[in-house]
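You will see two complexes here that share chain A, one where it goes with chain B and one where it goes with chain C.
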Partner chain A sequence: MQTVWGWLPAIYLFLGGLGAGAFLVAAVIELTNKRYEFDFCAITLVGATIPGPVIALGAVILIFDLGAGLREPWRIAYMLTHFTSAMTWGVWILSLFIPLSFLYGFLEVMDTYPSAWGWVKSRKWARKLTFLHRLPVRRVKRIVARVGSVFAVGTAIYTGVLLSAVGPAMPFWSTWVLPFIPLPILPFLFLVSALSTGVGVTVDVAATLVAPDVYQYIRRLPLIHLAIIGIETLLLGFLLITAFLQGGAAAASARDIVIGPHSIVFWVLIVIPGFVYPFIVHAYAAGLGRHSPASGLGSGIGIVVSGLFLRYLIIVSGIPAVL
Partner chain B sequence: MEKHLLSRRRFLGLALTGSAAVALGARLAPGGGIQASDETPTSPYALIIDTTKCTGCGACIEACRLRNHLPEGQSYIHGLLKGDEHVRWYLMVQCQHCANPPCATVCPTHATYVRQDGVVLINEKLCVGCRYCIVACPYQARIFDEERGVADKCWLCLDWVLGGGVPACVQACIPGARIFGRTDDPNSAVSQLIASGRAQPFHPEFGTHPAVLSYIIEG
Partner chain C sequence: MLPSRWPRWAVVLIAFALVLFAILIALTLEPAAQAIAPQLTPTPAVFRLAYAAPLSGGCVDCHTDEARLQATAASQSDVQRALIQADEVTSLHGRLGCVTCHQGNGQTDDKTAAHQGLVSNPSDYRQADEVCLACHANVRTDIPEQHIHTPHERILWGIHEEQEVCSCSNCHGPVAHGTAPVGSHAGLAAYCIDCHEQRDVPPERLQCIGCHISPHDVTLDCETCHLSTQTWASTRLAVHPMELNGRHAELHCFECHTQPLFRTISGFTCRDCHTAAHEFGADQDCGDCHIDGNSWSQVREGAFDHTAIWSSYTVGTHAQIACRACHLEGYQALPSDCGACHQQNP
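Here is the complex of A and B:
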């Protein structure tokens, strides 16, 4: 079992994915022009406001997990300098994505609540900033959504690259997509997992609570959800199967997960709440056109919990090659 | 359908291309660095561990621990138990001082670096304690110093070596399983062992090209 990186790295990788996924959900709805098709969209509001605080919290946890970097915080600036390191890429991506997310959240709130925007513009300090009064909030928001989407995808992918980049040291983390496709699968799996947790927290939780009629406007919502779960199932399956076929430490890790000491976490905390249950809920919803509030909430919470434990399990299941 | 700059299709295409590009980058990025040839030694120093003489007594581990003031149970050297029910033997692992070290590649702050003489060192003042190098070392040769919050490892007792001496582990080895010497002296024991092909790098398939450490494993 891998013991150098534990819960804290798992949590901040998960938060990065969750924030990135939620951002992408809001951005896609905005950029496909679904945002204004109905008066109020809880999905974009949650999807736009969650990423900033969530990813910032992840960054705080990352800093807290450091050793000397926590006691001498100026060293963190050195982390921006070494571009062969996926960790440097991550610090750069997060440094740019976090402010963008906060900006996107701010713009989305101002756009959704014009009275709030009016309040901001009426403040003493704001009256001097004439550009604020001419600011086309919707247009700026769309630009931020586009630029931010690139960073969101980057954030979700880099969490997988971080682990797979250690290559031969941890064979399970560098497992290929398939035995004949020489690309690590973790970046793809973590990207789709990020999307899934993003959809879970925005559509399942927020929409269920505040705007259950969103299904009438986006009829394909359950199908999109099913597609994401389906692709994630495929990728997770490929990870385990290819790892088994690779033999050695990778196969030992896969065995630990599926039938070994980690199997309870795998089946009970990842597969059932994150894959099986949401699949059933959304298969029903695809047919009926909606789902009950309880199952929506259950599906969303299940997906989020599953996403966290998936990162944790992959991290602790790594078995070094040299043992 | 409205005309907009980022259609669904284009967005999906961008996302997929982007993710493929990054994944490809992940495959290409690490391990890019000095590709040392197998013939030219990249370090004037060589430390050869003769596993046929090693008794697994652990004197090297303890000498390293004491020399470096490490707490009980910690050392820069650890032993891997090898073999089967017929023959059991120990393989002592420490930093291999690779010419192409993954630790240096993944370190975000340049704290880990390779010297001209091939010795891999850690500049403590730059280390943030992210532990990426510890995870990335395929030999699992690095440890985390909880007290100082930095990564730590074998530094080849450079102060003694530069003065013409040998590392603590070599001094402490009772059965004489550790041989240290200079590769730029063709008459040295290490040069002859390397030339004979008896001393081989550990796990060469990792692509790390250990520059200092090699092992005699026979039978």
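Here is the complex of A and C:
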């Protein structure tokens, strides 16, 4: 295991992925007009409001983790023009996505609680936002959802690119999709995992809390969630199998995860709560068209917690290659 | 589900709480899980290089500009030594930036200030620990897949103990200055042999096997068969347990032997490689009649006694005509009555 990168990178990759995933779920519900079938849509309210703060918190932790960036923050400006670096892509994506997320959250809150405009107008520091009230909020919100979705996908993928860009130094992180597909698998795995955690927090937790029978209103949700869990399982399987086939440090990392020192974290804290239990719950829900609030909440919490553990485990199980 | 007294927007706070809860749970459960897991072995620390590529702009501006160098250099040879090509800084090591390895100050136009604390050879044993070894601390001594045995272990020991040893660049070249980080044989020969001879190192370190791991299963000096230090493919047949003649001597080793091993061979008899063109004599060795390495049409004088199976062979011109005149379809036994070939006079 490597010991230089630990919880901090895992937490900001998790926050970035969860925020991006929640945004995407909210945007899909918004752009398919499902949002307007309810007087109160917990999925879009949560999916629009948590990405901004969560990703901003992740960005702060990232800067804190940079060390040099914390001591000499002006050096981050150097990262804006180094276009061949994955870091520069990330800085640009995050710099644009964070304000978009805050704007989307603000518009969703104002759409859900129009009376809040009065509160905004009564606050001196917030009055500059009142010009938004003159705009067609829903149209602007749909534009923000469309544009933001592109950046959300970029953010979710970037969390994987960040690790895979370390390249040959950490062979496990740059494992290919399959031995004959020379693309790193982590960006795809983290994108799907981001979607899964996004669905977990917005649908399984938030929507279940407000409307326990949410699955009766959006009948395809269990199937969609099953598909996401299935794809994530496949990608995680490909990561481990390809790493085993690759041999060397990558195989050693995969061995540590599956049968080695990390196996308890992998099986007990990732596979069971994040894959097996949600799969059973959603298969049951897809079959019956409903699931109990407790199983929905349990599934959501399990997916979110395992999403963080997944990123942590991939990070700590990296073994440096012999250069 | 949500308590009726709670406003519905409380789900937003609950979602935030869930995120924090996940982080808290993870930080709590992971140490517990690891406590009951087998002991983890931390790998050597990942490098911590004082990366300063963005602080190297001044170095690049001056050292890629021949006119500026000429204005301050003492001689033209100094200019050529200090001049770097613009594309060198885009190489793998060049992208690390000058200051990262050479130190100094890349943010001033003043030559003296820029060269304050400059390290001219960062791969020298006095510097390599903090420069080259920051990334390459984990180098191997034996690299079997490349059949290389390196003195890395000795060099790393020397660097850590501050004993004078080779610089990394002695073998790997000035990696950030347009040279790929690969050993150049010509450079190695010039540097290593001179230095090793002076230092009285064991003589085997001066031979090929000092660096190369033989992939073969014979204990011969490489130069016995290999003719070039640039390519292994240039070889000669210097040693062979049995004499090879004619065309056999022209074959490449691995047409008969299993690469790269010599003690394993596809077979020792002619029929292991050759398909017999005739059935008779199937239990005989080809060499009983044919001459090793020569054309198959050349047969040993008297190797085959036709008269033993056909008494008329020496009658008339039978023995003078070409074999193929009678053996049209191979060398199987033919009918021995005259009528099989000759037509009776009408």
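We take it that the second predicted complex is superposed on the first by the 306 of 323 C-alpha atoms of A that agree within 3 Å, B and C clash if a C-alpha of one lies under 4 Å from a C-alpha of the other, contacts with A are read in each partner's own complex, and residues count from 1 in each chain.
Keep in mind that, in the parts below, a contact is a pair of C-beta atoms (placed from the backbone, for glycine too) under 8 Å apart; a residue touches a chain by one contact, two chains touch by 3 or more.
The model shown is predicted, which means the values in this text are computed figures rather than measured ones.
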Based on the superposition on chain A, does the combination of chain B and chain C result in a clash or a fit? clash
Tell me which partner A:Val265 touches in the superposition: chain B (first), chain C (second), both or neither. second
Check the residue A:Leu226 against both partner chains and state whether it touches chain B (first), chain C (second), both, or neither. neither
For A:Leu31, select first, second, both or neither according to whether it touches chain B, chain C, the two together, or no partner. first
Once chain A of both complexes is superposed, is A:Phe188 in touch with chain B (first), chain C (second), both, or neither? first
Taking the superposition on A as described, I'd like to know which of chain B and chain C A:Ile98 touches: first, second, both or neither. neither
Give one of first, second, both or neither to describe whether A:Ala86 is in contact with chain B, with chain C, with both, or with none. first
Determine, under the contact definition given at the top, whether A:Ala285 touches first (chain B), second (chain C), both, or neither. neither
Which partner does A:Val54 contact after superposing on A: first (chain B), second (chain C), both, neither? second
First, second, both or neither for A:Pro168, with chain B first and chain C second: first
Would you mind checking which of 9-17, 27-35 or 189-197 on chain C runs into chain B after superposing? 189-197
Hey, what residues of chain A end up touching chain B and chain C alike? 2, 4-5, 68, 75, 78, 169, 320-323
Show me the residue ranges of chain A that touch chain B in the complex, using the header's touch definition. 2, 4-5, 28, 31-33, 65-71, 75-76, 78-82, 84-88, 91, 146, 149-150, 153-154, 157-158, 160-162, 164-170, 182-184, 187-188, 191, 318, 320-323
In their shared complex, at which residues does chain C touch chain A? 1-2, 8-9, 11-12, 14-16, 18-19, 21-23, 25-27, 29-30, 33-34, 36-46, 48, 51, 54, 135-136, 138-140
Spell out the residues on chain B that touch chain A in their complex, using ranges where they run on. 2, 4-6, 8, 11, 14-15, 18-20, 22-27, 29-33, 80, 93, 102, 105-111, 124, 126-132, 134-140, 144-146, 148-150, 203, 205-207
Touching residues (chain side chain A, partner chain C) in the complex: 1-5, 7, 10-11, 14-15, 18, 22, 40, 42, 45-46, 49-50, 53-54, 68, 75, 78, 112-113, 169, 201-202, 205-206, 208-212, 256, 260-265, 268-269, 293, 300-301, 304-305, 307-309, 312, 319-323
